[in-house]
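Chain lettering (A, B and C) follows the sequence in which the chains are written, and residue indices restart at 1 in each chain.
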Amino acid sequence: MSIFLFTDFGASDIYIGQLKAVLLQQAREVPVIDLLHEAPAFSVQASAHLLAALAPQIPPGSVTLAVVDPGVGGTRGAVALNADGRWFAGPDNGLLSVLAARARVCAYWRIIWRPEQLSESFHGRDLFAPITAAIARGEFPAGKAASTTRLGVEFGGTDLGEIIYVDHYGNAFTGLRAQGLPRDTHIVVGGKWLDHARVFSEVSTGDVFWYENSLGLVEIAGNACNAAEKLGLKLGQQVGIGA
Amino acid sequence: MSIFLFTDFGASDIYIGQLKAVLLQQAREVPVIDLLHEAPAFSVQASAHLLAALAPQIPPGSVTLAVVDPGVGGTRGAVALNADGRWFAGPDNGLLSVLAARARVCAYWRIIWRPEQLSESFHGRDLFAPITAAIARGEFPAGKAASTTRLGVEFGGTDLGEIIYVDHYGNAFTGLRAQGLPRDTHIVVGGKWLDHARVFSEVSTGDVFWYENSLGLVEIAGNACNAAEKLGLKLGQQVGIGA
Amino acid sequence: MSIFLFTDFGASDIYIGQLKAVLLQQAREVPVIDLLHEAPAFSVQASAHLLAALAPQIPPGSVTLAVVDPGVGGTRGAVALNADGRWFAGPDNGLLSVLAARARVCAYWRIIWRPEQLSESFHGRDLFAPITAAIARGEFPAGKAASTTRLGVEFGGTDLGEIIYVDHYGNAFTGLRAQGLPRDTHIVVGGKWLDHARVFSEVSTGDVFWYENSLGLVEIAGNACNAAEKLGLKLGQQVGIGA
């Protein structure tokens, strides 16, 4: 068993350490891996597509705490699910819905347990970390959740023609899966038509292109340059498939 | 036993890995958790208030290495203390003094041990990591420290009417504890009077308000916007309680 | 045994979690320490000098995965080496060559093993993590590599008169080792002649100086100010030794 974390809490910020303190106290022997803490903060749908693309990299049998939750403290529910052998726990706001829709087999639970002390703004620490620890200990659902047949918000499993993430090199991930896409396809963003390249070193320094990245997504990248700056790319910007 | 780290060494920088290499060699089986490495670098007092607010989230029985130390290499001493069952080690520059003043029971030791090789600028790695490891192994004070009755610098346990931290969402933590503060109180900063809200989703997108954050502090926050940018808030800026 | 990571993959980005997922699956019991994930991305030589300066901080008997690899997917080879009892694995592009040149004893292997699925752009996850795990398990070379007598790219072991890293305080590391350098030496950068100081608190607030940092390098630093901003220092900028 192992625990993975996927959040928008910030890798350098004050939140993840507190969350890990809870996991340490409630599932001490279980390794914890930071998958990403810079998920797009106010875009649950972009985060959902990014998490779905990452899911195959997560070992089966593990549990992932996933929180991108701008509506924390409001009326959205809390959910846990098992998709093709991988557990996930998080807000029922669509974040888990893309990977669920793409799974071959998926079982859902509505989390009904609430901690004695639940802050209004940090359910990652107070609610989802204890649930994640319970799953890691094999003590779930065990009265903490009720089986259900679907999620409260469902974005569906189809591709998203948007920029969903920009990495620290300035390469822009799209919500388009590259598999099956002919290599002479053009990717269209901000009025520009981009050619395919297999790998960075195939184009000249400073050139921008698209390629299938290591998560299987269409990525807009530059060789030794910042593609997002160069093309003025922004999170949420529309991306199309040209002829 | 577990080890927590609270520093201004930078979460992405070259320092924490070296410090963890020492902990690995001297306390291999003890889990290490990064609480924060972006503590306000040149403000020991703000850091002291932030650490005091975080302390209840740290499990009793653990040891926290705490270093915000602009005077490293100068004449300040080194100290370890046990506050309500939690160990802390760090520079004797006031950093540990707020949590100590708020503890019900606190015992102090002046660290007299020095390593064979002590760099002028990285006592976190050379001095405080070995002391932290010794505490984690249960081999402290054991000739490494002398009991004492007070700290060299004491900021006291009362609230600090300043911005002590700005998180990556742009929300600004104050050194004011929210408990007992009536919800119709106004928080005054930069000439603005801010209303209370229970939670982000209670106000309109782009609105700035104050609320009790998950550490129990008065926090100036915006719903889906960067409050610090919007109001031009800076670390150390004065914050008052209005009528 | 322990695993150290030195890369340019970004401490906050999406890459290290995936790499750690592989290490967890293939060397579960071995602790993993992040040494640095902000190595100079497009400067292999600067990264090589930084890694060589860090190497003595890494415990003997461990293995370090080191990847700064702008040519990934091209023709460069993959290499593992044991330098004075420390293992390293990474691209054969010079990154490991400075520490190798400075080692008393060094043995080299050309990695011939390739995974079933090798992405074009993320050999850190697909190639170097499995090799690192194999070394950690004591199952290397074992048919995965061929002994060799030298590296494909060798920068040599002499000092580099350049800025090789700027930390989050704005202090600039050079590739010059400070040992043996007289303390009345001036360091010359951008036309400025800088004096030596032993430690930050020895100079006035806002003053810039050079000192021997905790890695033994000549560092250009400021007391409670950002030296790199103040002097307009950039990665790769030339640094000289004055009279």
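Going forward, a contact is a pair of C-beta atoms (placed from the backbone, for glycine too) under 8 Å apart; a residue touches a chain by one contact, two chains touch by 3 or more.
Values in this document were obtained by computation on a predicted structure and should not be read as measured data.
Two copies of one sequence, chain A and chain C, touch each other mainly through non-matching residues, since under half of the numbers at the interface are common to both. Matching the C-alpha atoms of chain A with those of chain B calls for a turn of 120 degrees, to the nearest 5.
Distance between chain centres (mean CA atoms), chain A to chain C: 30 Å. Each of the following residues of chain C touches two or more other chains: 10-12. Taken in their complex, chain B has these residues touching chain A: 2, 4, 10-12, 31, 33-38, 50, 54, 57-59, 165, 167-169, 198-202, 211-215, 224. Note for the complex: chain B touches chain C at residues 10-18, 20-21, 24-25, 28, 41-42, 70-74, 119-122, 125-126.
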